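Below are structures written as structure tokens.
Below are two complexes that have chain A in common, paired first with chain B and then with chain C.
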Partner chain A sequence: MEDLGQFLLYSAIAVGKGALVTIVVTVASLLLGFVLAVPLSIGRTYGNRPIQFLIQLYEGFFRGTPHIVTLFIFYFGLRHVGELFGNPAFQIAIPPFPAAVLALGITSSAYQSLIFRSSIQAISRDQYNAARSLGMGRWQAILTIVFVQALRLSIPGLTNEATIVLKDSPITYLVAIPEMLTQARGIIDSAMGKVFFEVLIPVSLIYFGLFVLSNKLFEMLDEKLKIPGFELERR
Partner chain B sequence: MKKLVAVVLVLCVVSGALFAGGAQEGKDELVVGTSAGFRTFEYREMGEVTGFDIDLMKAIGEEMGREIVVRDMDFDALIEAVSTGTIDVVAAGMTITDERKERVDFTEAYFVADQAALVREGSDLNLNSPSDLNSSDLTIGVQNDTTGAFWVDENASNAKIQKYGKYIETIQDLENRNLDVIVLDKPVAEAFEKNRPTEMIFVIPTDEAYGLAVKKGSPMLDDLNSALKKVKNSDTWDALIKEYFGS
Partner chain C sequence: MGSENILTVKDLVKEFGDNRVLDKISFTVKRGEVVVIIGPSGTGKSTLLRCINSLTPPDEGRVWLDDREITDKHSNINQIRQDIGFVFQHFALFNHLSALGNVEVGLYKVKKMTREAARKKAIEELTRVGLQDHMEKFPAELSGGQQQRVGIARSLAMDPKIMMFDEPTSALDPELTGEVLTVMKDLAQAGMTMVVVSHEIGFARAVADRIVFMEEGNIVEDGPPEEILKNAKKARTREFLHKITELYGE
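What follows is the complex of A and B.
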């Protein structure tokens, strides 16, 4: 490139756009995972046998299947679903962004459900009993007493899950999402290969920076929710 | 309790909003599939995909009264994508071949190219014509699933052939001395010759024609062809050729 300054500027813009996409995909997937994991974990702990079984299947499938495969199923696979019923014209066509968020989010929900479930189980049954003895209904006790405390305990697990989803996000390039790694490869290509590590190292640092940022946010949340002297105080 | 419900509702709404934002794909849009990394037809600049193919599709889209949306993916994913309707049309310097015609329909050709052989500057391999490539002493690099790869498979099968996902990877291996020569489309070879310490030693005349690909039997084919024809006859076309191929 003749003009180094221009190259740096263009590259920074490209990586910036990519970083934004990476962040949006990661956050949206985590949120979707959270919203789904709440009923899943509660159902698995307090539900009847059929419900527990169904949730177990769901968790097993999405935890046990490679995330790339799940992504392919949501984006490519569902377009062929009609062929299963002998109607090839029928397709479930999900555009790239929703497909990516659905795949990453539903996968994350299976993991988050585990996290919440273990936290729920860590809350002593006394809490539930005490709530009921005060006249609370079953669901009121579960949601307002047990689950709320379980959320606090889940913070370390969620911190980890956030990191995992962030590091999963580059696979979405396969479904045409212009996230940060795609942009990095685009820069390397425009520079005709003159730069390689010069691009990858800053991009790795940005991923690392996002990791540090998300950890810090969860740490702050943890600090805020800590109640000293309470039986669930953490070391 | 109310607070928890409120929080969960907000999360649902936010998730929904993020989702809906991405779900918009208007009926009037033309979804174009391409594979950035093929100078000067499609490449990334400032984060966006641009190039001859992109600008051509923008002009065609205008003729058809539709806005284009560009989706960048691996080259070998494009045919599957257009066959399932994931994308409407492929604009990726894709050569019209009989095998590909079995899976997609092509418009009229919009560009003609040959393949070329690219080596490191100053390398003394003494290769003067395409048949010299068929030597077991050579390691040849190509991009997977391209006509360059097909040519080499057929005409240089004695050589050691290595296939890559993107051209930039072949250039790097060429410079690292893992490859002796690369076979790729002539326009891209010329671009690399200008920018990297490489030389284009000869042209392999394959007379390939690039076409836009659509799903087999797609009703869009006729509209695309007439729009393409109009664009080719217009000043826009001359301006594009000048901008990207500088003559």
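What follows is the complex of A and C.
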């Protein structure tokens, strides 16, 4: 029985650490995605044809390929990139954590770019024209008038994207990021298959708890940034 | 350019695909003059206003504000636009900013005034259009007439040399139209140079120095209100005026 207590304590700590890593991976990927998606969505809306085309290609590639393939490209693929040019000594070795955040973040940027783009298009062209008629430059009008409002409209879409990235984060298990699923697997292995649901069910519940938490945070943001009179009142 | 003409438009052409919306339009506006442009829908009145400050860049032709050429690629368009107030048919207020925010944003972002000075000036302009009690409200909390008055105050705050109005009252019901027209009349009396696209014949009669009748991208007639309204030379002008007086009253 002493062993069981030890085992439970060890397991709880491991899962707790894993949960923290899951949160860090998710938040870092979302932030990277956000930082990339802002210029992407603006370029896709206001850029010239070639720029729009390149961004469309980028979005299409990262949305259209399995995220796990993207992860493998960043982690394994880049180590072998030299072989493509007959120079096996040349390799780009990205450690697991940055590779995981790059893969999830870049993938997320493709989705977030689309979220922002639809919001940008929801802001009337007249508001942009009005800003220009006051003498604002192109970028000033886009950023201070159009994009701030687009961000506000993007909150529901971002809420969704955040939960998707959260639930995609377990694929980083495959490059040995010590996130929650990796920890769960470790516990199952160390118990030599005697526990299974005992580990997976709590882990699922923690994922669900994080989902609820993230939804709640975005809901609070949504409420805080409400524009008076502009949206339906909450009942 | 003679110093009397504040705005000079020469041979302006704009095409959307095969549709020639402006067909070599030329006209001038004198300092302090109020010009009302009338004409059937789709004859290029709004396009003309937008081409004047290059919100829609014209295909051909030239436009000068005083001696600065707006259509010259080398002029600083953002600089010149500060001197051309523009009032939109559907108000085009910035929805995320209060009435005050709408009026002051151009002052600190474009004119680089301090926040305090911008606020002071914005309060003055909103008071001028009778909105001193609604300054903290957001566009969605204001009536159409109030929104349009914020739009006018926003333009006026930049101290423009000329004001353009693109059908400023056509999205408003008659009661709200009145409050906007009153503001515009006051503005005209204060000596502001104005180019107004509108169907408000009563306003044109009372305030305009000139009425311009446009059709199919051309200026058909141009003269003082009494001449155009009573003795239009062209049958087409008379027919149009007859129709809109039936619709909008005298």
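The rule is simple: the second predicted complex is superposed on the first by the 227 of 235 C-alpha atoms of A that agree within 3 Å, B and C clash if a C-alpha of one lies under 4 Å from a C-alpha of the other, contacts with A are read in each partner's own complex, and residues count from 1 in each chain.
We take it that contacts are C-beta pairs under 8 Å (C-beta built on N, C-alpha and C of every residue); 3 or more make two chains touch, one makes a residue touch a chain.
Predicted model, so just to flag it, every value in this text is computed and none were measured.
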item: Fit-or-clash call for chain B and chain C when the two complexes are aligned on chain A; value: fit
item: If touched residues of chain A are counted for chain B and for chain C, the larger one; value: B
item: Which of chain B and chain C A:133 touches, first, second, both or neither; value: second
item: Partner chain in contact with A:152 - chain B first, chain C second, else both or neither; value: second
item: Superposition-derived angle with apex at the Cα centre of chain A and sides reaching chain B and chain C, degrees in steps of 10; value: 170
item: Touched partner set for A:144, first chain B, second chain C, both or neither; value: both
item: Touched partner set for A:178, first chain B, second chain C, both or neither; value: first
item: First (chain B), second (chain C), both or neither touched by A:166; value: neither
item: Partner chain in contact with A:124 - chain B first, chain C second, else both or neither; value: second
item: Touching partner for A:110 - first (chain B), second (chain C), both, neither; value: neither
item: Contacts of A:196 with chain B and chain C, given as first, second, both or neither; value: first
item: CA minimum distance (chain B, chain C), superposed complexes, angstrom; value: 8
item: Footprint overlap on chain A, where chain B in one structure and chain C in the other make contact; value: 140, 144, 148
item: Parts of chain C lying in touch with chain A, wherever the complex brings them together; value: 50, 53, 55, 78-79, 81-82, 84-86, 88, 90, 92-96, 105-106, 109-111, 137-141, 151, 154-155, 158
item: Chain B to chain A touching residues, read off their complex; value: 1, 4, 8, 11-12, 14-15, 18-19, 21-23, 25, 33, 36-37, 39, 43-47, 49, 71-74, 77, 80, 84-86, 166-168, 171-172, 175, 191-192, 195-196
item: Chain A residues touching chain C - in the complex, by the definition given at the top; value: 123-124, 126-127, 129-137, 140, 144-145, 148-149, 152, 227-230
item: In the complex, chain A residues that touch chain B; value: 10, 13-18, 24, 27-28, 31-32, 34-35, 38, 75-76, 79-80, 91, 93, 95-98, 101, 105, 140, 143-144, 147-148, 173-176, 178, 182-183, 185-190, 192-194, 196
